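Heads up, the next two complexes both have chain A, just with different partners, chain B and then chain C.
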Partner chain A sequence: MSQSSTHPYQSRPGIRRAAERIAFWMLRVCTYAVLACGVFVLSDVVFKGARAVFRSEFPFVNVTFFTEAPESLHVFDYEGRKVEMGDREFRAFRHRESQKAAAENREPLPIESQSFVYSAGGILPCIVGTVLLTVGATVIALLLGISSAVYLSEYARQGTMVRFMRLAILNLAGVPSIVFGLFGMGLFVIYLKWNVSLLAGWFTLAFMVLPLVITASEEALKAVPKGFREASLALGATPWQTIRKAVLPHALSGMLTSSILCVARVAGETAPIMFTAAYVVRDKLPWQGLEHFGDFFFQGVMALPYHIYVVSSKIPQNDYTQRTQYGAAFVFLLIVGLIAASSIILRGKLRQRQTW
Partner chain B sequence: MPPEKINSVAAFPVTFRPGRYAGLTGNQVVRGFFGGNAIVSVVVLGLITLFLLREGHGFFGQNRRNLEIYRAAGLEFVDILKRQEEGFGSLNRTLFEIRLAAGREKEPGSPMATAAELEAFDAYASELGDAAGPLRELVGELVETASAIKTKLVMNEDRLAERQHLLATGRQSEAGSIRIETIDSEAELRPLLESRARHSAISGSLAKSLVELSERMPSMSAPELQVLLGEFGELLRDYVASFPGIERQLAEWRHDREVSIFSAITAFLFGREWLTASFWQDWYGVLPLVTGSFLISLIALGLAVPLGVGAAVYVNQIARPSERSAIKPCIEFISAIPSVVLGFFGIAVLGEALRKVSHIAWLEWIPGFPIAERLNALTAGCLLGLIAVPIIFSLAEDALQNVPKSFKEASLALGASRIQTVVRIILPAGISGIISAVLLGLGRVIGETMVVLLCAGNRIAIPDFSAGPGVMTQPVHTMTGIIAQEMGEVVQGGIHYRALFAVGILLFCLSLMINLTAQRILGRYRLLSS
Partner chain C sequence: MPVMDSSNTDLRIRTSMPAFASPVDIHQAPRALIEIENLDFHYGPHKVLHEISLQIPERQVTAFIGPSGCGKSTLLRCLNRMNDLIDGARVGAGRISIRGIDIHRSDVDVIELRKRLGMVFQKSNPFPKSIYENVAYGLRIQGVRDRSRLDEAVERSLQGAGLWDEVKDRLHTSGLGLSGGQQQRLCIARTIAVEPEIILMDEPCSALDPIATAKIEELIKELRSKFTIVIVTHNMQQAARCSDLTAFFYLGRLVEFSPTRTIFMNPVNPQTEAYVSGRFG
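Moving on, here comes the complex of A and B:
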């Protein structure tokens, strides 16, 4: 060992060597600084949000946070204590107080309360809206995207049209999400008169992720070896039979896995749904109070990202309001993060498994 | 074999006779279905262009009308006078600053100027302030006249629109009942135009008194103050020298000079003011928003490019395989953090944290510190940097991955050290991929909405670049932010609504340009490596 380490070409310690090590260390610091920033943001939201979402006693979860709509929070002094109440509870309480006062034949005690909008109750309608928006947009995007990818990778021959399509896909991927929002507003909300509705949101979001889905699906199709197709065609199968039996089954898992990342994008975007699908507040859940089945698609919903935008920009930051803000951000991050993480992990697994 | 035999091959045992649907074979139908889906992306891109233009193209016509009214109502005329008045106001402010400096204590207990000097100075200042009294009075009167004419013109405009609407819906009689006054602009504007004589008298006497005042400056014993006063005298003379120009502008002004569509477009692209719902005149100039967007992008890229490219080089060239497979998905995961959560983080934590840090005494040498506003370009830029890093990282890493292995091996075999190989061989070979990664990161950062809407401070003004690098800590507004913020509050079809769509068109063109450039660079790179 000691002999081999003194060979003539061995790098000797010196200024150059030190400079190299310093440079490498700087690059390492860069990398870990990025990771640290990410971890810091995540942990801040997670730790502060967990306080709003979890409880120390049974059932360990803040149930009202997941089962109620947002309402105003009232904070007031009562018998020398600070009391916090949601809007409905507060009204019932005031009613009780005035009855008690009437029974005792005295004026009801004046209750001076500070109120903060959207800071009590829960975020059920927002979660429901986000899930509906995500599912619908994903279905549309996957149908359109996977079909396009099949055409581009299996059928299309190089030509002007295909080059044009690829250019369009690449450019569509770079269009800012707010421009998609404007487009959705111009086409669906105004021109087609769908108003602010689920359907308008679905299509806007689906078009936004379409290029991502197409690129991801095409990659999965390209990963299927050419021999599979050639063998199938040689056996006399038609192109469609080849695709259905020999290509898609092998590519589908890859397509879906990569597309999950697009689902995270759909769930996480705010700008496209601001003018097309999201309401600031709506007291009914989407399936309540429908006259026709068709009305379901033509109603606006509350959405979690838009709710976070509203609560963080429209109401002041203080101890009372921050709890629900962090809670909503935490739940949202949890949903999006789980989707994204599953995509990243599954993709890693898939790469290891494919051995053709 | 005779040719007849070949024809009889039709009796091949496995014959395949495709069924036909509407004259197409099954395979053609399937192919058509997939092809139709593939066209969707082209169609969507076309539709985006179409609908942005459909809603936005009317803006330029409306803005032209807006500017025409501005001219016809004489607001433009009054604005010339207003500028003269504002020039005087800024002179007054300069004088006030000198007064503040004079009262400041140089050494504890002794102000820079003596009490007698201060008294003389105050008398001088008040005399100067009074000199512009008649001008202010005139401007005040003319503002009212012009506003009245504008109200009339706008009302007429509304009536015209209503009548056209009624005619279009076929209600002739109702349309006939709407009376449209004919406005005699000449007559209406006469008070304005006649005021020119009065103005030249006023400004003549103002110039005389200002010149007289500039000759008898109060003298100060402190040399610093004397220098300041000298500068002030210079400003005063410049101001007086600008009077003939103003009078010429007023004399040349014509209410019926045509406003070309070209000037409506330049007023949008290069207008320095975005002012809506004002009682005087609405301006739709996109320049403050564009500078805001680019300032924030610059900050974001300034942070993200070194970090992203550095991380890419580290992960691709230096890190051990196990480290590499752990870091890559983690950085990818950062890109999954929704931008609205980052924006919320900026409001709740980062803005306040940055401000606290900037108030630490020994950090005051950093330009722009201490930060006055919690939400500013720097806060938004930092968060956008975090958004751009994963994009730049993964694209740059791909580019480095695509550099043929033989390059590296050859370099190492020639005896180059690892750092030499990275800097001289790997980076130049992957440079076009890295540049396009940076461009795509820029595209993403410019198009990002929620973070800038929540954290940029939303002040619509061109940031003050005279502050040097300190400009980074000023609040700004952005193109994406203004669309998201104001779209919910505007009347559909109004000029403001169309202006927001025009901003959308600008944004769309910008992103296409960035994207195409990135692709062109990447395409050239592919040619080189193959």
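Moving on, here comes the complex of A and C:
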């Protein structure tokens, strides 16, 4: 190296540069591994689920999958072909066969079918149940959560008591969801005698996401400039008027967008509803066969996550059941993904409007 | 920029002697509206105001000056009890009375008190609502629904704040779309819309450029015919330009309270003299 090319800032290969490179590559590899896992899980569900949901001929979507209740699938050989039929269709088919045989004065052909539970029909009651559970639980969680967030950050004197309450709320966020399920069963289902019902599921799910809603709402309230409160109070507004007119309207957007992520969580949880609200199977849709309006709240429902759990672990496994499992999982992913995406879009829109 | 012309005395940077808003005739001293007697004030364990005694006359502009942390803003916020909002803040001793009524008496409703003592803050804080709704806010929370009454109050207040001509065509656009100085005048309009008796201003011009500051000072001089104004300021020239009386605070104590002319021309206290002549602070 000539004298002229060396200077005080000369770069030299050394252990520090090597360490830098290794660290950087490790970070990169970890990130790619995470990405690969995500892509693998998603594509597995999408590819396998698409077989149940989509069709190769018109209307390209398996309509019955979205409009029917689950039923048993019967598979049998008929005139040399392998035929798959849902339970109701199969009964009608057998009835027709026996009539045909009677008309021709012969014994009906013996049909030796294999049947697979829950592998035909659709998942309409599960979708309906999940939507009902999610909406109700979200409404309850928002009402309770926003109220207590307003109390904690706007009214309560910031002292030991409030610190203790915040700590308790944070701890609640760490409680496993199955514990909420047990708590819901103990309190709502057994002690309050609500039985396995929508109402019990709503409250159990709402309690589970309350810590998230409260924390998110408090953050949104903190983001409202102090000047709004001061200006309002200095104009002679009462604290409640100030909260209602100068604080809440500007915090609400933040509260709602953060809470939509809670909605995704509510829709996705299995453990809290398995003891409190979910049925393995139920023929009627929630609005069918009600004697009183009040009965609506005291009925159990089918729910997507629980249905997936049932069809993947409580019945004998084979190719036919797998189709339903992945179909349901695919629809489920779609619903939760839509909720999450809408929250992100909504947040973006509302942030644009927020100009202070 | 014509406003920056050196012939405009309001904006000229003064090297020696400030110009005065209006000399106060000491023989015709207006009667005191706000009386502060031996006030001690604490933030938790810290005593921040020591034995303040001060009489603020009606329909005059009283300026509080002093270096940062001397307690002038705290005292201002005592007057409409905004300090109640701070945990651990309390009056240790002494009393504040307005028209002879102790504002800490148990039968005083702080909401009613604040309706009569409007406040303009250091950082302009219009609500993210329309200009109209900003000004109407105070009346709306008092339950005024009558559209014509609101319209009339909004126009009167915006005119009072010298903003009407600039915004009359866009009353229903956001108040946040205004410039900093306009926003501060919007806040003043919002304050005078509820017709307070006293307007407290907490460094209203500290975030504004000289032109906007000049407009606000002009406004203060106009408002003193209708309102009693107490203004906290860092800017001694501002106090000199637009106040009738000046109180100089230092380290939580009132050092000197006199007609503005006296404070700036012949202060009694050597500390005051040192501060107003720019030797510290």
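In the analysis below, the second predicted complex is superposed on the first by the 330 of 356 C-alpha atoms of A that agree within 3 Å, B and C clash if a C-alpha of one lies under 4 Å from a C-alpha of the other, contacts with A are read in each partner's own complex, and residues count from 1 in each chain.
In this text, a residue touches a chain if its C-beta (ideal position, glycine included) is under 8 Å from a C-beta of that chain, and two chains touch if they have at least 3 such contacts.
Keep in mind that what you see is a predicted model, and the values were worked out from it rather than measured.
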| item | value |
| --- | --- |
| First, second, both or neither for A:S147, with chain B first and chain C second | first |
| Touched partner set for A:S232, first chain B, second chain C, both or neither | second |
| Chain B versus chain C as contact partner of A:K245, first or second or both or neither | second |
| In the superposition, chain B vs chain C on chain A residues touched | B |
| Partner chain(s) touched by A:V336 [first = chain B, second = chain C, both, neither] | first |
| Touching partner for A:R106 - first (chain B), second (chain C), both, neither | neither |
| Residues of chain A contacting chain B in one complex and chain C in the other | 236, 238 |
| Chain A to chain C touching residues, read off their complex | 157-159, 225, 227-228, 230-238, 241, 245-246, 250, 354-356 |
| Partner chain A, residues of chain B touching it in the complex | 14, 16, 18, 26-27, 30-31, 33-35, 37-42, 44-45, 47-48, 51-52, 54-55, 306-308, 310-311, 313-315, 318-319, 325, 327, 329-334, 336-345, 347-349, 386, 389, 393, 415, 417-419, 440, 443-444, 446-450, 453-454, 480, 483-484, 487-488, 492, 500-501, 504, 507-508, 511-512, 514-516, 519 |
| Residues on chain A engaged by chain B in the complex (per definition of touch) | 9, 11, 16-17, 19-20, 23-24, 26-28, 30-31, 33-35, 37-38, 41-42, 44-45, 143-144, 147-148, 150-152, 154-156, 164-165, 168-183, 185-187, 190-191, 207, 210-211, 214, 236, 238-240, 261, 264, 267-271, 274-275, 305, 308-309, 312-313, 317, 322, 325-326, 329, 332-333, 336-337, 339-341, 344-345, 348 |
| Chain A-facing residues of chain C, complex | 80, 82, 85, 87, 111-112, 114-115, 117-119, 121, 123, 125-128, 137-138, 140-142, 174, 176, 187, 190-191, 194 |
